[in-house]
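Two complexes come next, and they have one chain in common, chain A, joined by chain B in the first and chain C in the second.
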Partner chain A sequence: MIMIEALRGLTYYKGVPLWRHALVIQWALQIISGVIVVVLVTTFFTNITNTIQDREIPHGFSFLSREYQTPIGQHFLPYESSDSFLYAFGVAATNTIIVSVVGVILATALGIVVGVARISGNWLVSRTSLIYIEIFRNIPLLVQLFFWFYVVLALPPVRQGYVIADRIYINNAGLSLPWPSPSNWDAAWVWLAVALASIIAAMVLYHALTRRETLTGRASYPLVTGSVIAVAIAVAGWLFVSAAFGDAPFAISDPAPQGTFGRIAGGFTISGGLMALLAGLVIYTSSFIAEIVRAGIQSVGRGQTEAARSLGLAPMAALRHVTFPQALRVIIPPLISQCLNLTKNSSLAGAIGYSDLANVAKTMTQTAPAVSIYVLLAAAYLAMSLTYSLIGNIYNRSIRLVGN
Partner chain B sequence: MASATDTPPGVVLPPPITERGGVGWAYANLFSTWYNTVLTFIYAALLGVALWFGLSWIVLEADWKVIATLGGRLIIGQYNTEFACPGQNCFWRPQASLLLVSVLLGMAWAVSGDKAAKRIAIGVAAITVAFAFLPYSMDQMGLDVRLLLVANLPAVAAGWVLARYTPLGTVRWIVILGVLFFLVILVLVGGLPGVPGLQPVSTIYWGGLMLNLLLAVTGITLSLPIGIALALGRRSSLPLVKLLCVVFIEVMRGMPLITLLFMSQVLVPLAFPQDFSTNSLFRAGVILTLFSSAYMAENIRGGLQALHPGQVEAARALGLAGWQTTLLISLPQAIRNVIPAIVGQFISLFKDTLLVYIIGMLDVVEFSRAFIQGNAKYLASARELFLFLALVFWIFTYTMSYVSRRVEAHLRVGHR
Partner chain C sequence: MFRKWLILAGLLMAISLVVIGCETVDTSALENEISERDAKIAELEAMVMDLEATGDMPAEMAGSRLQTVQDRGKLICASRNDVPGYGFLDDAGNNVGFDIDLCRAVAAAVLGDANAFEIRLITAAERGPTIQSGEVDLLVRTVTWTTSRDAQWGNYTQTMFYDGQGFMVQKDLGISSSLELKDATVCVTQGTTTELNLQDFSNQNDLNINALTFEDTDAVVAAYQSQQCDAFTNDRSQLAAISSAFEDRDAHVILPETISEEPLGPVVPHGDEQWFDIVKTVMAILIYSEAYSVTSDAVPTESTGDTKVDRLFGLEGSFGQETLGLSQTVAQDVIGSVGNYGEIYDRNLGPGGINLPREGGRNALWADAACSDCPKGGQIYSAPLR
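Up next, the complex of A and B:
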């Protein structure tokens, strides 16, 4: 239809010459660029396919069920060399996810502290934050990682290591902490379910009480009541489960060095590589987050606080209900992109001997088809970055200005 | 003249001691409230302990000999070894490149007239001259090396004179000479086949800080125009162009650089004929530039979005064509508004040049790490070495952000 219209228009067309017509130029540009890209991409992939066939490079995804047969350094899921490639990939992905989640939590907490300290009225406090930010933001992460790695390496061996309160061991094998370990799996699962239920109950109660407070104006103490109820249910559940199974669901397992060489057994050991990685990632990212927090809080105009105070809100209430929600709107989007950066930066782990996803994938290419592994790797990282975008988008929608 | 007794001057008391001078400052900034006082004491104690241990480690315990041992190799890596440059001394080639940079710095000083350019030019000259007098023996550091280092001082002066007293003293000429010098430097470092004294040095031997700087300069100069093009493409009304730009930007931003670099090492040689893509440094440079331009595009898009629509409308109402509106009205303002973000991206790019270790290039950090791994007796000095590298990188990145602040201040002069 459109074509016919256009053709009919052409017969008695007297306007701008065709080669200068905006629509013609635009569409020609698009078609040319589209063709170029399509040709480039198809050449790229046909060439790869041809080379793979010519040189008889193994390809496909059948390797995934084969045994990986390579050890992985520290891992959080149980893993043995006889496990399959697919499972090893999952183990490595879990390693990356755990580092990212722990790193994001620590970096955000540290970043908020440093960022708030940066705008403190206390000269010493704000200067210390400024120096912290300017130092750690400007030094490449890899240099920081190597530095921490060699700091950990220079720690004394296990037998001569530092011991805090007979329970926490710091040495060149890493940091060993007491850790709850389930003494009876059935009891542990039952109690975990109870604990989860208590948290859900507390959240429901919190929302109900907040709503009551907003609607009626009567003080309802949602936070205090909610947490008391949660703790009460959890403690009651613990006692009940202990009585029913004749055994506490969890016991604290203390780390203890064993043998003359001193291998630490029991508890939970954060390996030296992981320790250096977390130290580097958290300190580096927190310096960026601190700047975001500072900019966010400073972006809220003074008039907002003054207006809130003149309406009779107490200083803390003004901060909580007026300044902070507005600052959060500015803080959250770049904060999420910093968290994504932290996740992607964790791929430097390989340089200091922690088996993250990128590092394991790189090792896998020695015994499995590289192209297939890259497809998996790209998919995994894109999935992570899409998850972050999703969180960001959900948040943006929830805080969108009404009427905008 | 009224007599002094008519209007007796009120006795102007000085402000109380708590309001003026050092004491007043301390009251206002350190002890204004009880919790500020507590914070001040806690911070002072913590900082004191940290400084005490830090300084005593740096002065008494740390062994800084490893840096002197590595010396010039930190700057050029394996460039001047027997494999890279058989039968010749190639050290003068990076040094001559540095001289060209000094000339440019001198010109920038004369043209900009800003104290930032002056400080950087003088700083570079002073540091290089100071290097010439390092207490190495003449065997370790020859007279030629020392003379070429000292020559940076006249080079800066020559640049300054050139810009001040000849028609070359404009920003345009500095840009033209900058591009020209960059190509000359590439030839100097890479060599020309058949020219005596300039025998080719394979890129696999390029290394040290020189490699980081070369990659950073290339990436910075190329990623800005590519980023602008991508940003304009992403805001374009043409659906296909927009789609392509969005896909490119999001894929680049979604993956860690290290993975992209590694992919380029494995996939690109499979995809292109073998003679076309043997140079892994070239591929790394391309990936680094493209990766950086994706982030650059997002920064510039932010600037374009923050621009008041009235600007574009006014330009169109004045009869400017679409491309004129973009080039003369939107882009200059958008870029000026996001200079901090752009320079931040430049700094990121510079920091990212370290990742070429993944393709086996020995940049300054990887060279140091390999040195530590290969020489067990220096293992205990690894912390000192990386602390020193941290300082070196910090100086470069901090200078970049300092320049960005100065540029911003200059552009604001006529603006607000």
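Up next, the complex of A and C:
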């Protein structure tokens, strides 16, 4: 009898048996999942290290400081073949970051337009949007990329390409535009700093004036004042820097054909591969974003739209000021995943000749240990994705319902 | 009630997992090592007993690549199907070519059946990781032998074709030398020695060549044909092979300069010397049966009186078949089904294929020289079969 009482005392806590105690169950679940994770990770890691040892697969990171000595097709940072592997990796990563940033902006903009069009009252507009979404989201991205690759290839070759106003060149090697190029790097940096300061000043001013307008009800023209101040500071800065350095910080560089082959040099060239890649990524991703936007808007109660309309707001104004801000809470989290997808999907670029990170990394495996390269590659994409997630989550937090 | 039992079961599972987890952590490396060694000793003992019982040669050690291939019943080769002459789909949809025939020769040698093979199609850049991981038995995909590949990828067996890198351009550009490619954009396949050589060539001659890199040769060709790039660089034989399929072949010209050495041949994974030796021997069989003028339609099955021929075809003496774990008459299987080096060359790269000249070139047999010292023969040569 005493034994049983003792056992009861051990297995019961505050009158609840241990196996039904919330605290115990929660801890047990935590421990189980913890153990599973540890066992899995250890197994995978041991497996990898064993394989590397057994097969004598080369590894290590000492190659990073060696000269890369291999061409990189298009690069936005200056690159020469005598640069190190590490720098070349950075050059390639920049190529990917540019694709992903430009792609995310364009895809989001296009996605919102298509998504809003999808629920438009206009039959033609909403059907067109539906067809757009169903076509582009249901064809594999790689197939679409090849399609755009061949579209770009169908443009005339560089020597027979289109020339607009003697300074814009369109051909299958890419689109070349006049572009400001720093004529004096010191002056350029100083002016860029001034320009950044002017934008910050304008933003502070804008917020202050908006606040005044809201509090006092007096018209304060925040947008106009802010822009005028920004432009004024930037222009003043430009004149000052030009005078100080005896040289304008930037000059417009015009593209022009060069050499036997008439390849376009100077200006800024968006290569054919980049055009095809952006077209493919943006259109593919925008079809998913459009569906997210549609779902988000439709998730806002019908009463909200009706209330806004009855206050006299026009349909677009009701969408902009009432429905869309509320829909954002539903839209943002899946939108972040789509942006991550776009970034990761850009690794298909090698198929169509754009030197993105994955493409260059694969080339690197020729002269450097493949295992190390793939580890670096994974780390780089992870870092990019986590940064996007972080930015997205911060924004998401800023728009969530307060006090909820 | 059911819920209670479920939770109890869950708890039990948790505890057992914890115990297992602890064991994994607690077991010292030493204990592991001891048990591994015990296992190995047992394995070796079993093998010795096996040997004593059957009298088999150590060549058939368990876990060897040869054993794996024979147990599997087919040979797995990594290759391609996008370049005529080397590996290309014929009208019937079969993958045929020089590289494919080398794979078939090895299949015939180790399995007795030249059709017991499987081709894994890979891109140029995938070659290193594929052979490093050992997931294929043989890599025959126009692989250039370089010292760092030999060190990192696998063991390079035997040069079966001597190639060199060149450039192809459209004729109407009016270019007659690769040195005129100043500021040109050149299309190149990713992960090739070609890509690396291109940079060296550009630097040495101050040409400022811009490379356009694609994963697949098909995309490279498409970009070149639509003039997205001014020139297309590859091994010369591949340029010839690929352009042979162009509709406007005459509008293209391969420039005369050869800018690199590209010895091509099969590669085996690191870590199995027996397998390495087997593939080298099969290549030697192909080369020597051409040197001895034995073709697939006249494979000797009984003594011919010529000692060297008899040894090759297993009718007299040996060239190491049993040590390698090959059958005595391995050469009969190989030559009977695939043909000798000359036949393979003619069928794929010569008159029967993309028509690359061989006579008097580097890819003729060394044995064709008039005497053993005079350098008139080609460079196709292997370890003598003895």
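Points worth noting:
The rule is simple: the second predicted complex is superposed on the first by the 324 of 404 C-alpha atoms of A that agree within 3 Å, B and C clash if a C-alpha of one lies under 4 Å from a C-alpha of the other, contacts with A are read in each partner's own complex, and residues count from 1 in each chain.
Quick note on the criterion: a contact is a pair of C-beta atoms (placed from the backbone, for glycine too) under 8 Å apart; a residue touches a chain by one contact, two chains touch by 3 or more.
Remember, it's a predicted structure, so these values are computed and weren't measured experimentally.
By the touch criterion defined above, A:I97 lies against neither chain B nor chain C after alignment on the C-alpha atoms of chain A.
Looking at the shared chain after the overlay, A:A351 reaches both chain B and chain C.
Residue contacts after overlaying the shared chain place A:Q26 against chain B, while chain C stays out of touching range. Contacts of A:Y150 after superposition on the shared chain: both chain B and chain C are touched. Of the two partner chains, chain C is the only one that A:E56 touches; chain B does not reach it.
Of the two partner chains placed by the overlay, neither chain B nor chain C lies in contact with A:I112. Of the two partner chains placed by superposition, A:L192 touches none, neither chain B nor chain C.
In the superposition on chain A, contact is made by A:L382 with chain B only, not with chain C. When both complexes are overlaid on chain A, the residue A:T365 reaches chain B and chain C alike.
Residues 29, 31, 51, 57, 150, 153-154, 350-351, 362, 365, 370 of chain A lie in contact with chain B in one complex and with chain C in the other. Across the complex, chain A meets chain B through its residues 26, 29-31, 33-34, 37, 43-45, 47-48, 51-52, 57, 120-125, 128, 134-135, 138-144, 146-147, 150-151, 153-154, 344-345, 347-348, 350-351, 358, 361-362, 365, 370-371, 374, 377-378, 381-382, 385-386. On the chain A side of its complex with chain C, the touching residues are 19-20, 25, 28-29, 31-32, 35-36, 38-39, 42, 51, 54-58, 69-73, 81, 149-150, 152-154, 157-159, 172-173, 258-261, 263, 265, 272-273, 350-353, 355, 359, 362-363, 365-367, 369-370. Residue ranges on chain B touching chain A, taken from their complex, read 29-30, 32, 36, 39-40, 43-44, 47, 237-241, 244, 251, 253-259, 262-263, 266-267, 270-272, 347, 351-352, 354-355, 357, 365, 369, 372, 379-380, 382-383, 386-387, 389-390, 393-394, 397-398, 401. Within the complex formed with chain A, the residues of chain C that make contact are 4, 7-8, 10-11, 13-14, 17-18, 20-21, 24, 125, 128-129, 132-134, 148, 151-152, 173, 175, 180, 182-185, 187-188, 190-193, 195-196, 198-200, 202-203, 209-216, 219, 222-223, 226-228, 230, 269-271.
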